[in-house]
Amino acid sequence: MIGRVEIRTRGKGLHEITAKVQALVEESAMRDGVCTVLIQHTSASLTIQENADPSAARDLEAWLDRHVPENDPHFTHTLEGPDDMPSHIKAALTSTTLSVPVVDGRLGLGTWQGIYVWEHRRRGSVRRCLIHLGP
Amino acid sequence: MIGRVEIRTRGKGLHEITAKVQALVEESAMRDGVCTVLIQHTSASLTIQENADPSAARDLEAWLDRHVPENDPHFTHTLEGPDDMPSHIKAALTSTTLSVPVVDGRLGLGTWQGIYVWEHRRRGSVRRCLIHLGP
Amino acid sequence: MIGRVEIRTRGKGLHEITAKVQALVEESAMRDGVCTVLIQHTSASLTIQENADPSAARDLEAWLDRHVPENDPHFTHTLEGPDDMPSHIKAALTSTTLSVPVVDGRLGLGTWQGIYVWEHRRRGSVRRCLIHLGP
């Protein structure tokens, strides 16, 4: 089965999509298999991270922002704004595709794991993920 | 087929699990397909790296430790110790899921490639990977 | 179906393989499914990046080169040359496997996305990717 998850982000940071992906798993009625997630953008990415304490997500975002700062004088790809080139680098350092085994009709994530869209543009955007559920 | 690989790590660094994953491929009797590996933790991760020279693994570990150091004064998520926040960042920069084609009953890795659990906590822990083998 | 994509790189940087992977999808006659790509090397990697403006690829390459420089005095794994250890670190920070959903016989990439082999050795090499196409 092919499904889609779409979210409207309103700025940089992690946006959890676990419940939306799990809803597709249930819609598929699949018991065991693999859920493949692709984010169809190069200025946002995917990550599986801790879903318990929001301070972890904030520190993660801040670390990446300090290490891939805007206005790096080395950048030449600057036409789309100071947050554009950092967003491509951040996407390359994190994930564009994820593959999560499904067991007994549930995403096989660990207790504290969630699936996140990681927005790297200041203004955010509508972000589209393509989901495949297969045996 | 769903399988599990569990290892006890005793400190930071790479712990090879290739043989355990290959054993599951053999147990499944699958000839061609995909082996999906998910580590069910956010303070350890996965990587496919060189399995020939241990100095490469040591340099890799040391590089990551220098670039995501403990006791960074910017961190606020510090309740679980100085190695907790760095471990989440290291996990985000490496991999939580991997997908390895299986050919003729063998993981299709290159000659020098091995699958590793990358422990990011000082004391280590029991680390669980969920494995899916499918067509 | 198992397929292979082989390219000859002639130096560091991104080498697009989207058309070659799409050709395998067409050869398989698969409508919906998943395309799994594994690069069988530890000194080159995979990424999905913007395929529109070459300046983005150049800035990305330059950023990674500045952050994982050759001749870092901390490195001990230096027998194969100054670009060897950086190449393993760069591979660990990017991707060795990718999973791309296939929809209606086409790789389900976003409009501006391409699949790239990322060469990390100065001289380049023949780089082999193993491709699996499954339901």
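Which chain is which? They are A, B and C, in the order written, and residues in each are numbered from 1.
Heads up, the rule we're going with is that a residue touches a chain if its C-beta (ideal position, glycine included) is under 8 Å from a C-beta of that chain, and two chains touch if they have at least 3 such contacts.
Note that the structure is a prediction, hence the values are computed from the model and not measured.
Think of each touching pair as a link: the shortest run of links from chain A to chain C has 1 of them. Residues touching across the chain B and chain C pair largely diverge in numbering: under half of the numbers involved belong to both copies. Taking each chain's centre as the mean of its C-alpha atoms, chain B lies 20 Å from chain C. Along chain C, residues 34, 67, 93, 95, 98-99, 134-135 each make contact with two or more other chains. Chain C meets chain A in the complex at residues 32-34, 47-50, 53, 55-56, 58-60, 62-64, 66-67, 93-95, 98-103, 108-113, 134-135. If you check the complex, the residues on chain C that touch chain B are 2, 34, 36, 38-42, 67-68, 72, 74-77, 85, 88-89, 91-93, 95-99, 128, 130-132, 134-135.
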